[in-house]
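Take a look at the structures listed below.
Each of the next two complexes has subunit A plus one other chain: subunit B in the first, subunit C in the second.
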Partner chain A sequence: MTHRSPRLNRWIVFVAVLLMLVGFGSGAGSVMAAEKIIKIGTIFPLTGPVATAGQRCQAAVQTAVEIINNKHPEIKVPLAKQEGILNGYKIVLVHADSQGKPDVGKSEAERLLNQEGVWALIGSYNSSVSKPASFVAERMKRIFMCGASSSAALTQRDMNYFFRLAPTDKTESIEFVDVLKWMNKTKKANVKTIGIIYENSEFGKHAAEEAKMAAAAGGFKVVADVPFSPGATNLNSEVQTLKKSNPDALFGAVLGADYSLLVRTMKQMAWLPNIAINYCSGYQDPVITKQLAGDADFFMGSTAYSPQFASLMPAVAAVEKIFKSKTGGVPFDGDSIQEAVAMLVLAQAIEKAGSLDPDKVAKTLYANTWDSPLSLGGKVAFVKGGQNIKAQSIVTQLQGGQYKRIYPEEMADTKIIFPMKPWGKR
Partner chain B sequence: MQRKALNKKDALWLGFVVLLALLPLAPVVAANSFHMHVAILILLFASMAQAWNIIGGYCGQVSFGHSVFFGIGAYGAGMAVVTYGGTPWPGILIGVMLAAAIAVVISYPCFKLSGHYFAIATFAIVEIFHRTFLVWDWVGGALGLDYPLVKEGLKNLMWYDTKTGYYYCALILFLLIFGVVRWLEGHRFGYYMRAVREGQETAESLGVNSTAVKLAAMALSAALTALCGAFFVQYNLRVDTPMVMSLDMSMKFVLITVLGGSGTLVGPLLGAAVLIPLQEYSRALWGGLGGGVDLIIFGLLIILIVVKQPAGMIGIIRDIGKRVLKQKSAAKGDSADGTP
Partner chain C sequence: METFVQVLLDGMLNGMVYALVAAGLCIIWGVMDVINFAHGEYLMVAMYVSYWLGFLLNVDPLLSVIAAGIFIFILGAMTYQLIIRYTIGKPGLVALLATFGLAIFLKNACMNRFSPNFLILTDTWLSDKTLHMGNLIFPVPQLVAGLLSLVVVGMIYALINTTRFGWAIQATAMDRDAAELMGINTDRIYLVVFGIGGACVGIAGGIMPSYLAVHPEVGSMFGLIAFVCVAMGGFGSIPGAFIAGILVGSVEALAGFYIAPVFKYIAVFGLYLTVVFLRPKGIFGW
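The block that comes next holds the complex of A and B.
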């Protein structure tokens, strides 16, 4: 009898374990398919530069599924009082990591739909990932619910199965310019020039283009157009360019850690515009007030949700309790809450359609206005292309680490501090 | 003229290729497009690594700039379809020729550097191209190029409902690039490349024009890399700069070849056959857990392989082969002794 060497045996065991794991992964899906369940796939950037945001989005969808699958009489959102949908169907999530890369997002969408057999997809935070991933779903006639991606181009593709909850960069750009006009009219702010800093990505580039169009329409002059590479380690030259142009107002399309870096660099270079407004992501990340402490104050941005909105959205508190248990105490932000809304609205549509036919559910999604206590304004309704026309955000200003509501005036709870307090006088 | 009989190595290759060609016919594989996706990526990344192997493995010039040529090929096809609304084929041709020309232009000054300095220069080139393409609106800038829905088929090199077409295209790409390298191995130019790798001064003293050899090897490598880039964009139906023209992508060329066995014909295939399934299946299994568990496991496995056998997978196979031979000869020796 011949004996294999221990080294060879180790390799054989390693390969066998790997094959078993692969086999287990693909087999698990078919077992679950026999039960009364609806599989929903999520695709978020769980690793990479915006991983924390992606992980919170994933936790938000999990929170929504927990509410849908179990009885929660204490929660005042649709479907919370019943157990499951369609007379006992439970939702099971299958998660995937896009790494923030379009090609990975696309292949994960294909895997979830083809191999895991998911019924619909939710994702993908990055607009550049949502685009190809939703393209896969559209070709396969599967619903793609998009919570937070804000590129206006996503809902300009005439797709039939794509639905986006968040306001677009276009809506926000117009809102920012309205804020400047309101400031000039009511506060004699004398804002004439705008600088734009944005990450060089699908999201940032689109936001900058919309900002330029809105500025031109509002009669403002764009004096600085400053792109940067996402995940930058240094923004000195970008801030130097802004400082040299010294615009009255600064619009930013800056995500995650880049936002903290931008504020720190502005402090280091001792420069501030009179007013700085950032598109939703980045500024409204609850982590930045911890990272930047007082330095984050007096910056502004559009916000779809903050814990300080409790009086406007009383139903959120009970849902947020579940969410916090999954995120180690971090509350919802405007992006993650949109993903929870995406899941809840999809479940409501399935229940109302009384069917798991994607065509019927898509038509139902279009045909109705949905109650959504987790959304500002409380309603969700989609128009051709899949945009939620009820999407709203409020322009807030950070004051003492709190997101204070500034604009529209009728929703304001605090007066704006203008101009921003100089670094040396804080 | 008498036909040359197939040697054992070529017969094995032929058998392997026939097996690959028949693979999509197996319903179990064809029905599950994720396995097919992994198979396509193995063939694509093996082809990319083999293209890099020409300059990096056979010619000994470690380039971290191959994502530039990959990107040029990708943008060639992408612009032909998205910007000009045609088929990708003219764009592929232009991309391949442009990549070869650019390779010569940027390599000529870089080849005056040697060893680590050459490698560092190629790093810088990726960064220059990356930033330029990112702000260049004609090529789509930061928004990238998204493919429209057009008729699927070979004419548009695009399929939506099945991956079989992509699989056979990847197989043809693989055969083409491996065929070129197999031919080079036995050709005079292949010997020149290896002579330059082993010692530039020695090669020159024997009459080899090392600069011309390196430039020709780089041009060929770049052209084949661009071809892979064109396939990549047709497969993903989108191209943007971070996807194709990044240091991350450049590292994949080097990693797969070094892991499989640099400067050998089968090395790139072995590297891709190990790395790509590891990357894809580990992400499928553990990616959803968050926190990069799949990437940690992936990284640990690479470390394990490199530590166990620095010569790569080819070294592991050689080790196993030697051990089997040793055991066989030991068994023969035992019987000769008459011991049980």
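The block that comes next holds the complex of A and C.
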């Protein structure tokens, strides 16, 4: 028989108590599960060059969760009038930062699913991050709701658990070319050539490919194809290249700070095309637009939402009030609102499926058309691959710092200013 | 020909700013053998200093360069006093990792304090101004930044080569122990050198809000290019870093325009690898 010292005995008792506490703790965890909590993981670029957009996307999901978890009779969106879903389940968000990097996004998806035990994922703003992160979810048969990533390739993978709300860059490219045709027809704009400037990423490259295909189909000639490295110290040679080719129209897929650098470099080099239309980019970012002030005017882009759309989407105002409280007064933009819609539609599907079985919920998502007062078209419906076929956007033009609706004509609230006003005459 | 001159001019102006950023790194590297990984973040902090002086007190970046230079001088001196001093005499990796940690700290502190939003100063004395000479366009902010770079690098070169203090710096860089035996307070030399290195990048960062958005990531690429300039110009050679800066800016612009915009950094790093392969100590290395 061995004799232990009293001190050692005290240590053993201490460790035993500690272990019991840990055991109690894990027990408490399962009680949490019994408390009806659904953990949803979010992956957005909270740091890095597009962090400002990522943080707004995260705030949008938080806004949607606040509406789902609590009674908001004043808000006219589905689930607002009840408290929680599935008879009292509340949603708890677990956030992750992708830094805008695909490898980080992928490992964060793995961490959220494996270690945090989240039930589904929402994200990831950058198409280049959404792609690998959603592969992780698909492999584990977990739903991935993608609000804003626009690369058409994401919904061409025949995935079963991936759902994307935003219009794709393919849809947008066709829409941009339609704008040019409409301009040529109704305004005798005589637009024949197109230049494309895009960041050298999954999003930018795919947008450029779609732009080239749409341009060819529409009979336009692409005379400048200008990729650039995101976060570059300058865009001088890029703008010089565009200036040399001098296209009639410019399509841009330029995110964050790069967009402001592009606009300022264009101004410095005293060059403007007749018309400039942007995919998801700094154009849609209300903060950048405000910072660029008058220099941002007369650029155009596809927009799923801006405060100037209030008359088309009356339900947004009450939701935006909550959103603004999280962003220091910055309103929804076309990207962030899609993330709120992603969360709301997922919650509606869980409620309708009456189950937390991901297969059942995924099938329910496909099988129904969802009411979505925060979407331009008012509805959301997914087809094979997970694309929302009801996704709509309006081509807007910044005039006096306001996103004015230009195209389609029936939704326009003002006339296009064409050609863009030269820098020296603003 | 006109286009070639315009592209080259743009490249050289950018290159002069790279040179000023690199000069700060070069002097620290050359004298102390310390790789300051937080150099790009010093630039970012200087840009914030200049931005907030402009935004809150309406001080133009052209004047804020002085405040930014002083601020980053103090930041550099503090970095030495609180961090680097304890790494002297230890393996080089220790200082490298310490400054890497500082870089992450500075970036996240700014992100936390100022958010990741892009901040742009409008209506500064220089912003959006251009000079026209025939068909050539000189962007005034970059032109002033380039001239400022020329003046500051010239002053540092003169300080190091024509003053007793500069000779003390050179002596310390050559042999610290021998310098101490000659009565030079090498600890103070290191402190001031880190401060001067910071002041260089502080001045560069101070003028930049005239034409560049300020955000927590803005210094990363400049920091990387500064490393290339210093290694290419020769460790510790201020003229080397200056010439390498202009070379890098010119190659970046010419390759970006004549080959493909996406090729510009490939050309820069290709040039760097070539120089380092042919002359490992750099063009003007000691």
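Methods note: the second predicted complex is superposed on the first by the 392 of 426 C-alpha atoms of A that agree within 3 Å, B and C clash if a C-alpha of one lies under 4 Å from a C-alpha of the other, contacts with A are read in each partner's own complex, and residues count from 1 in each chain.
Keep this in mind: a contact is a pair of C-beta atoms (placed from the backbone, for glycine too) under 8 Å apart; a residue touches a chain by one contact, two chains touch by 3 or more.
Bear in mind the structure is a predicted one, so any value in this text is a computation, not a measurement.
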{"item": "Joint occupancy of subunit A by subunit B and subunit C, clash or fit", "value": "clash"}
{"item": "A:Ser260 touches, of subunit B and subunit C: first, second, both or neither?", "value": "second"}
{"item": "Which of subunit B and subunit C A:Ser237 touches, first, second, both or neither", "value": "second"}
{"item": "First, second, both or neither for A:Pro227, with subunit B first and subunit C second", "value": "both"}
{"item": "Partner chain(s) touched by A:Asp97 [first = subunit B, second = subunit C, both, neither]", "value": "first"}
{"item": "Touching partner for A:Arg111 - first (subunit B), second (subunit C), both, neither", "value": "first"}
{"item": "Partner chain in contact with A:Gln55 - subunit B first, subunit C second, else both or neither", "value": "both"}
{"item": "Subunit B versus subunit C as contact partner of A:Arg139, first or second or both or neither", "value": "first"}
{"item": "Touching partner for A:Thr47 - first (subunit B), second (subunit C), both, neither", "value": "both"}
{"item": "Touched partner set for A:Gln291, first subunit B, second subunit C, both or neither", "value": "second"}
{"item": "On subunit A, the residue positions that both subunit B and subunit C contact, one per complex", "value": "46-47, 51, 55, 200, 227, 229"}
{"item": "Parts of subunit A lying in touch with subunit C, wherever the complex brings them together", "value": "46-49, 51-52, 55, 200, 226-229, 231-234, 236-238, 240-241, 244, 256-257, 260-261, 264, 267-270, 287-288, 291-293, 295"}
{"item": "Complex contact set, residues of subunit A against subunit B", "value": "2, 5, 8, 11, 18, 21-22, 25-26, 42, 46-47, 51, 54-55, 58, 94-97, 101-104, 106-108, 110-111, 114-115, 128, 131-132, 135, 139, 153, 200-202, 204-206, 227, 229"}
{"item": "Residues of subunit B touching subunit A in the complex", "value": "32-34, 37, 131, 134-135, 141-144, 146, 149, 160-161, 232, 236-238, 240, 242-243, 280-281, 283-285, 287-292, 294-295, 316, 320, 323, 327, 331"}
{"item": "Touch list for subunit C against partner subunit A, complex", "value": "3, 6-7, 10-11, 14, 18, 108, 111, 115-120, 122, 128, 130, 137, 139, 211-213, 215-218, 220-222, 225, 252-257, 260-262, 264-265"}
